Amino acid sequence: MKINLINPNTCTGMTEKIAESARAVALTTTDIIASSPSDGPESIESAFDEAIASAALLDVIQAGEAAQVDAHIIACFGDPALDAAREIATVPVIGIAGAAFQLASLISYRFGIVTTMTRTLPASEHLLHRYGYQHLCSGVRATDIAVLDLEETNDDIYLELKLECEKSIQSDGAEAIVLGCAGMSDLVARLSEDLQVSVIDGVAAAVKLAESLHQLGLKTCKIGQYGAPLTKAFHGRYQHWDNCSTTLKK
Amino acid sequence: MKINLINPNTCTGMTEKIAESARAVALTTTDIIASSPSDGPESIESAFDEAIASAALLDVIQAGEAAQVDAHIIACFGDPALDAAREIATVPVIGIAGAAFQLASLISYRFGIVTTMTRTLPASEHLLHRYGYQHLCSGVRATDIAVLDLEETNDDIYLELKLECEKSIQSDGAEAIVLGCAGMSDLVARLSEDLQVSVIDGVAAAVKLAESLHQLGLKTCKIGQYGAPLTKAFHGRYQHWDNCSTTLKK
Amino acid sequence: MKINLINPNTCTGMTEKIAESARAVALTTTDIIASSPSDGPESIESAFDEAIASAALLDVIQAGEAAQVDAHIIACFGDPALDAAREIATVPVIGIAGAAFQLASLISYRFGIVTTMTRTLPASEHLLHRYGYQHLCSGVRATDIAVLDLEETNDDIYLELKLECEKSIQSDGAEAIVLGCAGMSDLVARLSEDLQVSVIDGVAAAVKLAESLHQLGLKTCKIGQYGAPLTKAFHGRYQHWDNCSTTLKK
Amino acid sequence: MKINLINPNTCTGMTEKIAESARAVALTTTDIIASSPSDGPESIESAFDEAIASAALLDVIQAGEAAQVDAHIIACFGDPALDAAREIATVPVIGIAGAAFQLASLISYRFGIVTTMTRTLPASEHLLHRYGYQHLCSGVRATDIAVLDLEETNDDIYLELKLECEKSIQSDGAEAIVLGCAGMSDLVARLSEDLQVSVIDGVAAAVKLAESLHQLGLKTCKIGQYGAPLTKAFHGRYQHWDNCSTTLKK
Amino acid sequence: MKINLINPNTCTGMTEKIAESARAVALTTTDIIASSPSDGPESIESAFDEAIASAALLDVIQAGEAAQVDAHIIACFGDPALDAAREIATVPVIGIAGAAFQLASLISYRFGIVTTMTRTLPASEHLLHRYGYQHLCSGVRATDIAVLDLEETNDDIYLELKLECEKSIQSDGAEAIVLGCAGMSDLVARLSEDLQVSVIDGVAAAVKLAESLHQLGLKTCKIGQYGAPLTKAFHGRYQHWDNCSTTLKK
Amino acid sequence: MKINLINPNTCTGMTEKIAESARAVALTTTDIIASSPSDGPESIESAFDEAIASAALLDVIQAGEAAQVDAHIIACFGDPALDAAREIATVPVIGIAGAAFQLASLISYRFGIVTTMTRTLPASEHLLHRYGYQHLCSGVRATDIAVLDLEETNDDIYLELKLECEKSIQSDGAEAIVLGCAGMSDLVARLSEDLQVSVIDGVAAAVKLAESLHQLGLKTCKIGQYGAPLTKAFHGRYQHWDNCSTTLKK
């Protein structure tokens, strides 16, 4: 199968890192095609960044559809533009936060989330609510590590991250840790070993769920809420969507 | 005061209609500046449309900030990009759905919502949840009138709309009606008279709330969640935000 | 327009103070008529006080209706007897807590409440629940300042109040402060300046909302829950309501 | 033990009926003292009626305290003034709605409520929320029988009531019926027999709970929320509470 | 009346203690028949223990039914197998946690729970949710006293328990204490005296509720969810239930 | 990997059917070991059945642990004994209802559940609540097909099932269907084709999730709530657990 692995940030270093993490856990029959939009912010750390990145990300979904991929993964912990992407996709679209919550809930009673900037805490709360996992989460903790600093992680960053994970376990009662940024995916093994609890990376989780859906022949339901949007006029920099008949419904 | 009244749809006919409704209720000292983005879909009727329109709408917010307006109103019932807009605004940003809910709750025990496409029902439910008004709403009803058909309303459309309002009152127990599209704002007076209950238009409600905040000197709080986003690199069609120092925080 | 501004406490000093705060923000065309009931407790600081004050307050609503006011404001942070008042009123009835929550939510992501006695904390929680603003409130803090001590505020009281506001901002994450007593309305300007965040007084907020509703021609919906109560026999000290046909429905 | 059984309506016919129902289920050692306030509405059918009745009812609580009763029962399905009464009482205060919910939940998975006027439905919903029994209730149905018509029940009224009980069982899935008015307490036996399901009368339930608490030596906790209100000045028709030191705390 | 008082733990020392506590509060006409299953764990301190004990406990319910008891009490704070027991019982089945919550809510605004092992905290949370008392509970505290150590309580254990009760009152705002283990029932009097707040033992509460239901003639509703299970084949160690026609429905 | 696929009903016909469904979707490297307990009811259709089956099922979990399986699947839609099983397991334990909800939520906005007996509806509601998927479910429908009738499905049963699926889609707005019994797993393909929407079988879903967890090296977290229960004395028919040191913690 082919997975369209999308880094909605325009920083290409992170795209490479995420691709590597995905390939490390994918089946040998799974082809990981990693990319990021040409347009938009280098990193997503506010509602403003997310709004811009969301519009840009949809181009990559459409490109994936054109390339006949079997699933899309949105590899940013905010799961941006998920509903919009599902509307224009025929195959499954999986957000890494939702994927991580699902697997974490199968192996722990309460999981903790350790994420990047304090500013993004409400986004995590919103995700927990959206997916219905609030009661299964022991708390969300911010490290105040900037997303771009995760492109090349060093020991200082690792130690800060580990410290918040330890607090999550000891103070909040977390039994497993969900990492709140795709850029942390290369630290999973080291953290798991040091913390002696399960550490869940959403990129890896999403890859396995994409493979699972593909093997079961399950695709995005195109009746109801995720049906294709009506074709209509789009202006200016979004003219490529104008009366677009590939993924939109006439 | 100056109000930046934004129609996030790119259909200019609706911009005119909304401006008129706003001016009809504004104080004489209030200057209504109505516009719509140059980019984006003609109408917002899906999560996909909303994602594109959200990115485009932020340009209009920034233009309004540059023009030193005293408040922004997002005149689309989905209240798209509200949090993102508040991050880059220094003055209040008001969504018409939230505004309508607030005023409706002051004069009725339970209000009903009558909106456009069936497809948008989950959006209304999401708004009720976001603002915390679920328990004060007797139900949401769709008319399946397309947004663009509201640019020029005729008798057929009026009757369809009235019919759903009557069902909302008689079957759902609505004591007041909130209209679920800015494009319905010219029908408020006729509906109020025919239905004999209060009919609330979010555009009018938002204008009064914008004036209220202005008179009290209340502006968007710039600490915490609505603080300015960090300046950073933006690429491609969003390059105008690149290291933007007007509204973003260095 | 004429606003019936009601201090449900029988302490007249506070009535004067509240009237002044209201007039300071009212439009020049708005006439503030401030009064308090002749009967009832000097201050409301318990469910018992509130039950007595509620019955007394309804007389002032009826007097306002007789005087053909255009709106009633219940200027006590518990919003006592709000539903009962709406039943016997034809024009809008606004509680200052609800009004403050509405405006605070338009300019902040999370607001804090700073109120009087610890004993009243459950009342604030009940109000947040009733109006649906729990998720938008970062927490409620009591100062243990008695209501009557707010009739004439001194520096000590100001400093105690400011201290709790600072804790609300720094510890609870409040981005704006809602003051939890009508008697604090004269301290808004000083607090706003010292705290550098928006401070919202419910009296001022309610005045602006009353003006907004009046300008839009919106009145209390008299079908359903806020319809006039049936006329019936009332005995003893409530005989003035006996088969009362002014505001009650035959 | 002595129970102060209070009919908060001023209609004395209902007081007699309720007393009889209470005595029919009380232990031989329990003395039922039934009364109603001298002041207030003949029946409680709106928030307005309830606000007036609440202030009046507190006099009867105080009289009961003076007479050294061992428990108070508020025999109106709205459980009016319950928190205020608990503040000025030293012994337990039990509302009949809460009492009925408790016993109904011990013998059924889902109980239905059949009450008087449509207008009172929100009151029942509020009670279910307050006590936390929403998820255990299959629905609330109104008969539109006026409270005063229950003073002397005839066959027509019985049949209307039975009809709604049957709908509650067959359409809503009720497994037991809670009667939503103290005035229905004389119909319990006949309904139970005709419906072949358990029918729960709040008056009887409250008597048994009052006896239970008394036998266990449990009284209203006077620390925290139900502590005595502070003594303070009361004016006009509430002057009997002025600096009252019997039940209020100096 | 005859009450089937069941200690679902197989430790017989606790059965004796519980019987004594029950008899101390029962009416003279109430016959307490205390027993525990022959099969199962000595104490219930995990979901695993509870699953085993639940299956065993149902034999004791059936024995009680055969002995024509008038009520069953499940005397373990987890209220294990409550729904299953109600399905095979014709008379009321009461869990001691639910019973304690009911009486505590009648005399306090917020009650605290003090229980045994930290491991059982989620069980208490689940019970509060199941019965709908979450908002009436100020918090749950574990003492980490093992259940079997409560068979013979000494001063050390008493002091540990008292310490957590004090924290519940002072830090959490508890106004009354619910004891979270049947094995603590002999300490109620001493704790009540030392703490000066009401202390509620579920065993005593359940006895009074069982008597109340019996006196009102209320039994488990056998239509709907608590109807008798269908008779069917049971194998192996559960063969005594095979096509059992005593309590199961053909 | 080896999966311990457990049919908690003692009807062996269904065990065979479930094994086949599991093998049809499993990777070639996955070994499905299907079994059912020797003890317990032939089918689970009530809380009573579930309580008995839960205790029996734990023996099969322990046998699986002894056989060093890599995951356990509880193949009954009630997900019985899930927490207890996780306590005594070192590898993941997955319930088929939870697994189906997870995959359904990845491809639809709202899924419907079509299950067996009306009597089991509360069980489905409980599962939705437990996992937090209530808001993602459009409704639960019962077919009143007995579990044992699913051992060998005929056309009549298929048509009844299809009818309820159609109602779920057309009346409730389901966009995908979750089948509410492991015994329906052989009908997935036929239903999917006839209904033209995705139909999700929990057995298949659970197999893919078990494989996913295994490939990521994720196991049940043994700190906190799912830690091994303390070893202790077990009596009678549960003596095989007495001071058991294999899976229990000393």
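The first chain written gets the first letter, and so on, giving A, B, C, D, E and F; residue counts start at 1 in each chain.
In the analysis below, a residue touches a chain if its C-beta (ideal position, glycine included) is under 8 Å from a C-beta of that chain, and two chains touch if they have at least 3 such contacts.
Every value quoted in this text rests on a predicted model; they were computed, and no experiment measured them.
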**OP:** Touching both chain A and chain B: give me those chains, sorted by label.
**Re:** none
Original post:
Nearest 5 degrees, what's the C-alpha rotation angle taking chain C to chain E?
Top reply: 120
Original post:
Equivalent interface to E-F, which of D-E, B-C or A-B, with over half of contact pairs matching by residue number?
Top reply: A-B
Subject >> Averaged-CA centre spacing for the pair chain F and chain D, given as whole angstrom >> reply: 46
Original post:
If you average the Cα atoms of chain A and of chain D to get two centres, how far apart are those centres in Å?
Top reply: 54
Original post:
How many Å are there between the centre of chain A and the centre of chain F, using C-alpha atoms for each centre?
Top reply: 28
Subject >> Set of chain A residues in contact with two or more other chains >> reply: 83, 86, 109, 122, 225
Original post:
Think of each chain as a node with edges to the chains it touches; is that a line, ring, star, complete or other?
Top reply: ring
Original post:
How does the ring run, chain by chain, when chain B comes first and chain C comes next?
Top reply: B, C, D, E, F, A
Subject >> Complex contacts: residues of chain C adjacent to chain D >> reply: 10, 37-43, 45-52, 54-56, 58, 81, 83-84, 86-88, 119, 122, 148, 225, 227, 229-230, 232-238, 241, 248
**OP:** Could you please specify the touching residues of chain C with respect to chain B in the complex?
**Re:** 25, 27, 83, 86, 92, 94, 98, 102-103, 105-110, 131-136, 169, 173, 175-176, 197-198, 200, 204-205, 208-209, 211-213, 215-216, 218-221, 223-226
